[in-house]
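Worksheet: the structure to be examined is printed underneath.
To keep things simple, chains are lettered A, B and C as they appear, and every chain counts its residues starting from 1.
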Amino acid sequence: MDAGAAQPAQPFRIQTAAGASRFAWAAACCILLVLALLPAFAARNLIQDLIFPFYMLALAQCWNLLAGYAGLISVGQQAFVGLGGYLLFALTLPGGINPLLAIPIAGVVSAIFALPTALIVFRLRGAYFAIGSWVVAEVYRLVFAQFKALGGGTGTSLPPSVTSTMPGIEWVKSLLNVRTPAARDIISYWVALALMAVTLALVYLVLRSRRGLALGAIRDQEAAAASLGVDIYRVKLAVYVATGALTGMIGALIYLQKARISPDAAFSVLDWTAYVIFIVVIGGIGTMEGPAVGTVIFYLLQRNLADFGAWYLILLGTLGILVMLFAPRGLWGFIADRYDLTFFPTRRRLVVHARDPTTPG
Amino acid sequence: MPLLQTRKLTAFYGDFQALYGIDATLDAGEIIAIIGANGAGKSTFLKAITGLVRRPAGAVLLDGEPIGGKTAAEIVRRGVALVPEGRRLFHSLTVEENLLIGGHGRRSAGPWSLERVYSLFPALRDRRATSAPLLSGGQQQMTAIGRALMSNPRVLLCDEISLGLAPIVIADIYAALPQIRAEGTSVVLVEQDIVQAMKVADRVYCFQEGRLSLSGRPKELTREQIHRAYFGS
Amino acid sequence: MTDWLNALAQGVLLGGLYALFAAGLSLIFGVMRLVNLAHGDLIVLAAFVILFLAGKLGLDPFVAAMVSLPILFMVGYALQHVLLNRTLGRDLLPPLLVTFGLSIIIQNGLLEIFSADSQRLRSGSIETASFALGGGVAVGVVPVLTLLSAIAVIVVLNFVFYRTALGRAFRATSDDLEIAQLMGIDHRRIFATAMGLAFVVIAIAALYLGLRANFDPSIGPARLLYAFEAVIIGGLGSFWGTLAGGIILGLAQTVGAQFDPEWQILSGHLAFLLLLVFKPRGLFPRALD
């Protein structure tokens, strides 16, 4: 056999969608529709309760994009949650801007802050980057604690003049025949649902685009990706700024809903990083389905066990460690491997067609 | 009984098969050479013997005893030492420290000590306190060989020790091999430089794409045979 | 003027404490490239261990700390051997997330056992003893002891690393794990020994933490950040650099506090970020990290 002869070219194509995913898309759209219509027939309690998992899932998808795909393991995303929250307060209180408009503005301003933050923090790599991002979050916390106008170290609340005059409250009140507080909750619910859906859609689109291919390469083998010309720095920067903006918007929503903010709460490592990381780890890092699974599990745990205080947190920490050691791809990763499932495929498969038997060689 | 023997040795890097059932032997007191083109599996062969690459438990025998399931640290304690491709000295350590760390897994009895290594490679004695990265290529190679010898191995595996070195330096290093054999260490030389390897080796194996394509004594092999075994037909 | 001199003196002495926090972290970074997010909480844990021993056995904290050293060495060895060795590999995520989980567990475990009350290590009159340095500046005996202990720890660590066979094994394993194994080094035992050693340093840091100020289960993360900043400011791979980093951080904090006491911690963080912009590899980097 002549080792130098070239192999005849084999036809191939790149495939992204698989059978299960068409079903999954249909199911997802149905679920979203049902969720959007829920306020018409569900109790107020349920509506209030669902806001939490909506924004936690959105936060988790952002962290997953950062860490699972771009390899930026941040322990400091609470910086943007707090920033978004404080921006909401700053825009609506003295600024008098309508709260629903304040949310996207918070997103834009968060992106503006994320840029110089990234330039500094990107000087650290890997695990050092993680702690560096935490330092940055602490700086944000300490700085905002200085602003007496926003309550200083003890924080402040949103007055009813702001919360009760959100656009759409009157419309909801008449449409669904509810009182102002309930209408407020329903609007917050829809905003949370919208933010979650937008985050999911954006993350999915990014991963399926050429950028997404670059991200996957960075996650899997950074040195190799660099040698292939993938501009690692710019891709990471883009992802950091984008997730910063999204996280800022989510933070604005969270504190619109809570109507009360303080530096320790807004920049809490536990609430906005530890729980988020737990969700992604338990569900499965690096997939889109993982954080969804993780959010459901976390929501159930939080509802039923949060009263156990310190023991509950010890349980979460232990579960996180066990999963990381024995099922590092999380619950979804385990199931997906077992049954070879993907609902929202973001990997590309090279499908090589069988060679035509009449071709020589 | 051969000192070192491989039986149907296979090795994989993930899904990629690098070795397809290699049967080879090394007798005590021998120097054998393993030649072959890039990617033929020569380095993998050495890594498989020393435990850096997974291999079947019964595929490698030292003195008749299977060592396939053992860790790298255990294997060096049994007397098999590797001079790695690219030397891979410890860059935070000096020459002397590199040698001393080689002795970390030393077998109890043996002729090799710091003094003995310095007398084998006098150039190192003057540079004993020099940091490893500051050495020339030849000095680094000598240090790497000395480091492996410090464990008093019965088998010394040398992975491309002539790579990147000037011919005169290569000659110096190869001159040390008979002395190493005289002290009771058998040698396996993996080389791309066929000429040097064939001059000093008692027997030679040729690898091609993960398989043995030739074995025999250098004097008995023709150029055509070697050429064919090396490049394939 | 004396206020400023005082701030400088206090800053240097505070730096001694931060250097102690950082030395353990630096050791672990150096040997096994492990970033231990639970480091600060381990210092707090050690402080509670010393508190417990001092209380139960009626010992002075200095003596209790000495008693705790072998205990904590073994705890560290076991922790590495049983848990942390499993996380090391090429992937960054497991060691980070496992130590993060550990941090949460330690904080809440201490909360359950000891409650959230502030604690202090009491050693009698030495706590308030001080002596004058001249120029109107007085320094406490405990802070001076802290700085001297930091220097002593760093001298010992340098000795171990550069003049012993164990240190040689540490450096070789850190340089090239695969080849270190070929030398017969059992990297799992080396890592466990390094962690045990780090726990000894952590215990010493804990002693001075508890003597100088109140502590409670929640203060761990802040100590981690200070330790980390000191290591990065000083430069990776150098223990003396870590001392310098600690002192610079301490000075940044005390000088900042001179302007406004509320700015103490913020000044430290800002100094760190500033250094990151201009000297990302730190002031005295040694390692080819």
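Observations
We adopt the following convention: a residue touches a chain if its C-beta (ideal position, glycine included) is under 8 Å from a C-beta of that chain, and two chains touch if they have at least 3 such contacts.
Because the structure is predicted, anything quoted here is derived from the model rather than measured.
Looking at the partners of subunit A and subunit B together, the chains they share are C. When the interfaces A-C and B-C are ranked by C-beta pairs in contact, the top one is A-C. Summarising the inter-chain layout, the chain whose CA centre lies farthest from the centre of subunit C is B.
The mean-CA centres of subunit A and subunit B are about 52 angstrom from one another, to the nearest whole unit. With centres set at the average Cα position, the gap from subunit A to subunit C is 34 Å. Averaged C-alpha coordinates put the centre of subunit B at 44 Å from the centre of subunit C. Put simply, subunit B touches subunit C in their complex at residues 50, 52, 71-73, 76-77, 81-82, 84, 88, 90-93, 97, 100-102, 104-106, 147, 151. The touching residues of subunit C, when paired with subunit B in their complex, are 165, 168-169, 171-172, 174-176, 178-186, 287-288. Every residue of subunit C that touches subunit A in the complex is listed here, in rising order: 35, 37, 83, 86-87, 91-98, 100-105, 107-109, 111-112, 221, 224-225, 228-229, 232, 262, 265-266, 269-270, 272-273, 276-277, 280. Of all the residues in subunit A, the ones that touch subunit C in their complex are 67, 71, 73, 75, 120-121, 123-124, 126-128, 130-132, 134-136, 138-139, 142-143, 145-146, 269-270, 274, 277, 281, 285, 310-311, 313-314, 316-318, 320-321, 324-325, 328.
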